[in-house]
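In the two complexes below, chain A is the common chain; its partner is chain B in one and chain C in the other.
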Partner chain A sequence: MITLTLKEQPSVPLEAEVLSPDVTAELSNAAIRALPVYLGKRQRRVEDFFDVDGASSDQITIKGDASRVKWIGRAMTRGQITVTGNAGMHLGAYMSGGAIDVSGNGSDWVGAEMSGGLIRIGGNAGGQIGAAYRGSNTGMRDGTILVGGGAGLEVGMRMKRGIIAVRGPVRDFAGLQMRGGTIVLGSGAELRTGAWMMRGTIISLRHLPLMPTFLYSATYVPGFLRICSAYLDRLGFTLPCDEQEGAYRRYTGDTSVPGKGEILIWVPRGA
Partner chain B sequence: MGRELHGVEIVDTFAEAFDMRASRVIITAASEGWARTAAVSMTGFATSVIGCKVEAGIEAMLPASDTPDGRPGASVLVFAFNAEGLSTRLVERVGQTVLTCPTTACFDGLPDAPERATVGGVLRHFGDKFQASKVVDGRRYWRVPVMEGEFLVQETFGTQSAIGGGNLLILAKDQAAALAAAEASVDAMRQVRGVILPFPGGIVRAGSKVGAKRYKNMTASTNEAYCPTVRGRLGVASELPETVNSVLEIVIDGVDRQAIEDAMRVGLDAACGPGVVQISAGNYGGKLGKHLFKLHDLLN
Partner chain C sequence: MLRITGGKVYDPANNVNGVIKDICIDGGRIVAAADESLGAEAPRAKAARAIDASGMLVFPGGVDVHTHVAGGALNFARGLVPENQRAARKFLHSKDRRAGLGGMTPTTFATGYLYAGMGWTTVNEAAVPVLTAKHTHEELHDTPIVDKSALLLMANNEMVLDLLEAGEGERARHVVAWLIWAAKVYGVKAVNPGGVAAWKWGKNASALHETFEGYTSLTPAKIIAGLAQIVDELRLPHPLHLHCNNLGVPGNVATTVETMKVLEGRRAHLAHLQFHAYGGDGWSNMHSEAAAVAEAFNRHTNLTCDAGAVLFGDAVTITADGPWQHLLYQLTGRKWGNLDVENETGCGIVPYVYKDRSLVNAVQWAVGLELMLLITDPWRVFLTTDHPNGGCFWRYPEIVQLLMDVEFRKEQVRRLPEAAQKRIVLGDLDRKYSLSEIAIITSAGPARALGMANKGHLGVGADADVAIYPEHPDEDGFLFSYPRYVLKGGEIVVEEGDVIGGSEGREFIVRPEYDAAIEAYIRPLFQQAYTISFDNYPVALERLRHPEQVNLPTKSA
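Up next is the complex of A and B:
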């Protein structure tokens, strides 16, 4: 186990993609302390910002308000990062394995273009969760992102596979140009959900303002939701799929593209 | 030399079994009744690879808590001679009997098996490009639109090496005694996981030998050595004691040797009832199958 305790919050964002289990797994304490990080354009050492305990481990704990520490867990393939506090932008971007657990808030671009692994944010996250970077065709390709609070714009933009589940409210353009995968909106979303989506599934447990380019299909409980529900249940996220309690209204779209995606809106029995 | 169990002679012989490939198919439905209906339909006409190209049976009914989608289900084991044949049979049977059955979904029961047979990945074409796939926890499922709603089926099913042809022969003084003993044996064996008894009710009355003496084109024919009605005819080397007038066989296919041994052991014990004269087993002298189950070893 390696414990990194932030000495003080950096004055400008600190780019610290070396904070990854793949990097630290074989390194001594001294080598970890000497790893390069970038404060603005200046190269510094990890020990300039963190007290470092432990060595040679793919289990990393980061303590303190790291909301200005970017790229934590970038491209990681294994191990565990636990952040007791907040985490900065690009958390777990490009990751393909392992797990990241943040007790506080995340920021923008959580799990951007990730292809595997699990990210859990206890609080709120920013925009572009699991999204494609500007100029890139494909966002998240696999893996799971769970957000305990709300999230910002363009959640799951151009994602192709994987699951994003957000317990709190989400802002505009969730699932923008989505190409596959599943987004679960525990408290609904603001405007233009699923705009230009080609494929994939957006599930909302609350009423959503739908664009007119989504057309009603049927009201039922899709079988795959039971599989999703069982999977998310193991991660502490509940997805209703008991036909005695309600059903999902399925809308297909975005027909303006035209797309073959779907938005499923939970309607409790009797509502 | 024979040994006795509950006053019944256990012949010093062995069951001879063969290598096979197996898959486990989990069928779920809105109720246990519909899960059973689909499973019974899927395992119909699957008694022997000789005539049916596949052997299949219901391994167990599953409570909702033990299935992937939290609904009542049935676990079906399917056996064939090789992976290619197994894959073909799975597509045929799941496609014709599970896809068509109301409320069902179909899942792989061997998720850790590295060798896979593509099933949902073929059946998806029934969706005529209206189908959609979903990957959850690293496994791909196909959602095939049907008039009732959607049929959910996993893309691939695991296949593994298995053993087919474990057996017991129950030699009894009359038909009623043989049937009662066989039924008791089947009831006991069906409590063992990892095995199926592919014949009707788990019991076969028409045990066979390889080929035929008088018909060249027959791949199997009646095992006259255990047929009481031809005892005494010229050319028949009967294996039946004088007091035996009816014989029933129980064939056991299992996912591994241990499962078959466990089933044969409890089946042997349960079969030794009133009117049973001997328990024996079918074999080919150990020349054809590499898995030999000695009855006396099971007693130990």
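Up next is the complex of A and C:
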């Protein structure tokens, strides 16, 4: 177990992709302290910003308000990172395995272009979670992102596989140009959800303003939802799939692309 | 005085072929190896520094006759592929070097480091519109180490085309000359003559002898002949640099061979010939016609060309050929950028991946190599990938290996889909390039075609641009990837394989003669049709930090 305690907030964002289990697994305490981080264009050492306890472990705990520490867990393949507090942008970007747990808020680009693993954010996340970076064809390729609070713009933009579940409200363009995978919106979303989506599923447990390019097709409870629900249940996220309680209105689109994606909106029985 | 000792020297321009001899450098130039006259000991002692090149190959620095490394279009391309820049090789800021990114469209500083790091010391930026020439010069200034030249896009300039249509050849010549000096460039480039002008009406110019949208009697053939004549009359060091009509189109071999006929009696350089040597009448039956193109080319000794070879992998296609780029975008369905440069030209940008499983791409890959093998005179065909169109310039060593190692090449051919192997002749070619021939197609030949007397050779008086390579392939398996030393203008810019910086390169420009009264003709036309003021149009000479004005031969010469 390695514990990193932030001494004080850096004045500008700190780029710290070395804070990854893959990097620290075999390193001594001194070697971890000496790892390079970038404060703006200047190269500094981890110990300039963090008190470092422990060594040679793929279990990392980061304490303090790390909302200006970027790239935590970048491209990690294993192990566990626990952040008690907030985490900065690009948390778990490109990761392919392991788990990240943040008790506070995340920021933009959580799990961007990730291909496996689990990210849990207790509070809010920013925009572009699980998204493709600008110019890339494909966002998240697999894995799971759970957000306890709300999230920003372009959630799951161009994602291809995997699950993003957000308990709170999300902003515009959730599932923008989505190519596959599943987004679960616990409290609905603002405008243009699923714009340009080609494939994939967006599930909303609240009413959504839909674009006119989505066409109503049926009201039912799709069979695959039970599997999805069972998986999310283990992670503490409830997805209703009992026909006694209600059903999903299914819309297909985005027909302007033309896409074969779907938006499922939960309608409780009697509502 | 600096002395390179013990290396095996390849200097084909001076008929030196693998001879072990010393090269002496003083004041940025190659000087006579003094030991021939004064005895061996004295000058050795005098040398401030000696580089021991024993067991190494000494080449004149590479010269890229056709590349796209600066200016508005390339910058647009950089913006269009951020996903590639993220994955690109990074150059961190250091004492000797500025920060930058490699990849398919390297940033300016990285471009200089990558070229120099490969042993190339002169590059010719092949497409500059007058309107964005200032931007190009700013970027060329920020491209360190290498010497630069640039070519001006002329074959779709409305002012020039109008004069050619009216049969006012002499006035057209004055306009072209004025524009060359206004843009501070080195030569004239023609891209898809007439086609880009027609593209502004959503059309193309695909028949050489037929008129195109916007004109009543002018044809692509007349533009080509007219511009080639103007370039010859202006006695420019580099002939008309021509990107033929119908680039990339199956069956374009007919256009290419016909273009050679149009150019008979004139000098010309045919750019990226690979893209112009296809048979068939559609993508389904497209095949290599490299043999036919090479046969015609071999007969036309007035011409030079560069390969424009394709390598499998990522590329970004950037060309003034707007209509072709729109077609390519429709084929790929991904990204497309289109620029309209007022009355001068246009530009299209499409990121592209050449796949070895694709029949079309496999044919393209083969055609580039076939041309280099079937064109018999290495002094007339040069190594390029039309960077970044067919592949990145920093992959040139891969092509060198394909040319030098017949077994390796045949192995690569055997890996292509069988259907593709039937459409190419590469598998039957047994020619193997010698080191001397490699020195010709990478340096001596292009320098001669560009008319740069002090480039591409190691004779006395030449610029001291020298690349020193290990004699055996490096860790990556390629021979010319990592020079041990590179000298540019006598300055050591790569040492023990590391780029250690170096000064800014020069820019070669020409000032052809024109009647000063021509400005009075251009000004009102310009004021009518352009969005900027005429007085802001020309590039002031002061804007170039290291201009090197090349004197043109006088009429009698």
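Structural remarks
Just so we're on the same page, the second predicted complex is superposed on the first by the 271 of 271 C-alpha atoms of A that agree within 3 Å, B and C clash if a C-alpha of one lies under 4 Å from a C-alpha of the other, contacts with A are read in each partner's own complex, and residues count from 1 in each chain.
Following the convention adopted for this analysis, contacts are C-beta pairs under 8 Å (C-beta built on N, C-alpha and C of every residue); 3 or more make two chains touch, one makes a residue touch a chain.
No experiment lies behind these values; they were computed from the predicted model shown.
On the superposed chain A, the positions of chain B and chain C stay apart, so the two partners fit side by side.
Contact comparison for chain A: of chain B and chain C, B touches the greater number of residues. Here the vertex is the CA centre of chain A, and the angle it makes with the centres of chain B and chain C is 110 degrees, a multiple of 10.
In the superposition on chain A, A:47 contacts neither chain B nor chain C.
When the shared chain is aligned, chain B comes close enough to touch A:223, but chain C does not.
Shared-chain residue A:260: touches chain B; no touch with chain C.
Of the two partner chains, chain B is the only one touched by A:161; chain C is not. By the touch criterion defined above, A:134 reaches chain C but does not reach chain B. Between chain B and chain C, the smallest C-alpha to C-alpha distance in the superposed model amounts to 22 Å.
Counting contacts as defined above, no chain A residue meets chain B in one complex and chain C in the other. Against chain A, in their complex, chain B makes its touches with residues 68-71, 105, 132, 134-138, 141, 143, 149-152.
On the chain C side of its complex with chain A, the touching residues are 80-84, 86, 93, 334. Across the complex, chain A meets chain C through its residues 41, 133-137.
Note for the complex: chain A touches chain B at residues 142, 161-163, 181-182, 199, 201, 218, 220, 222-224, 226-231, 241, 260, 262.
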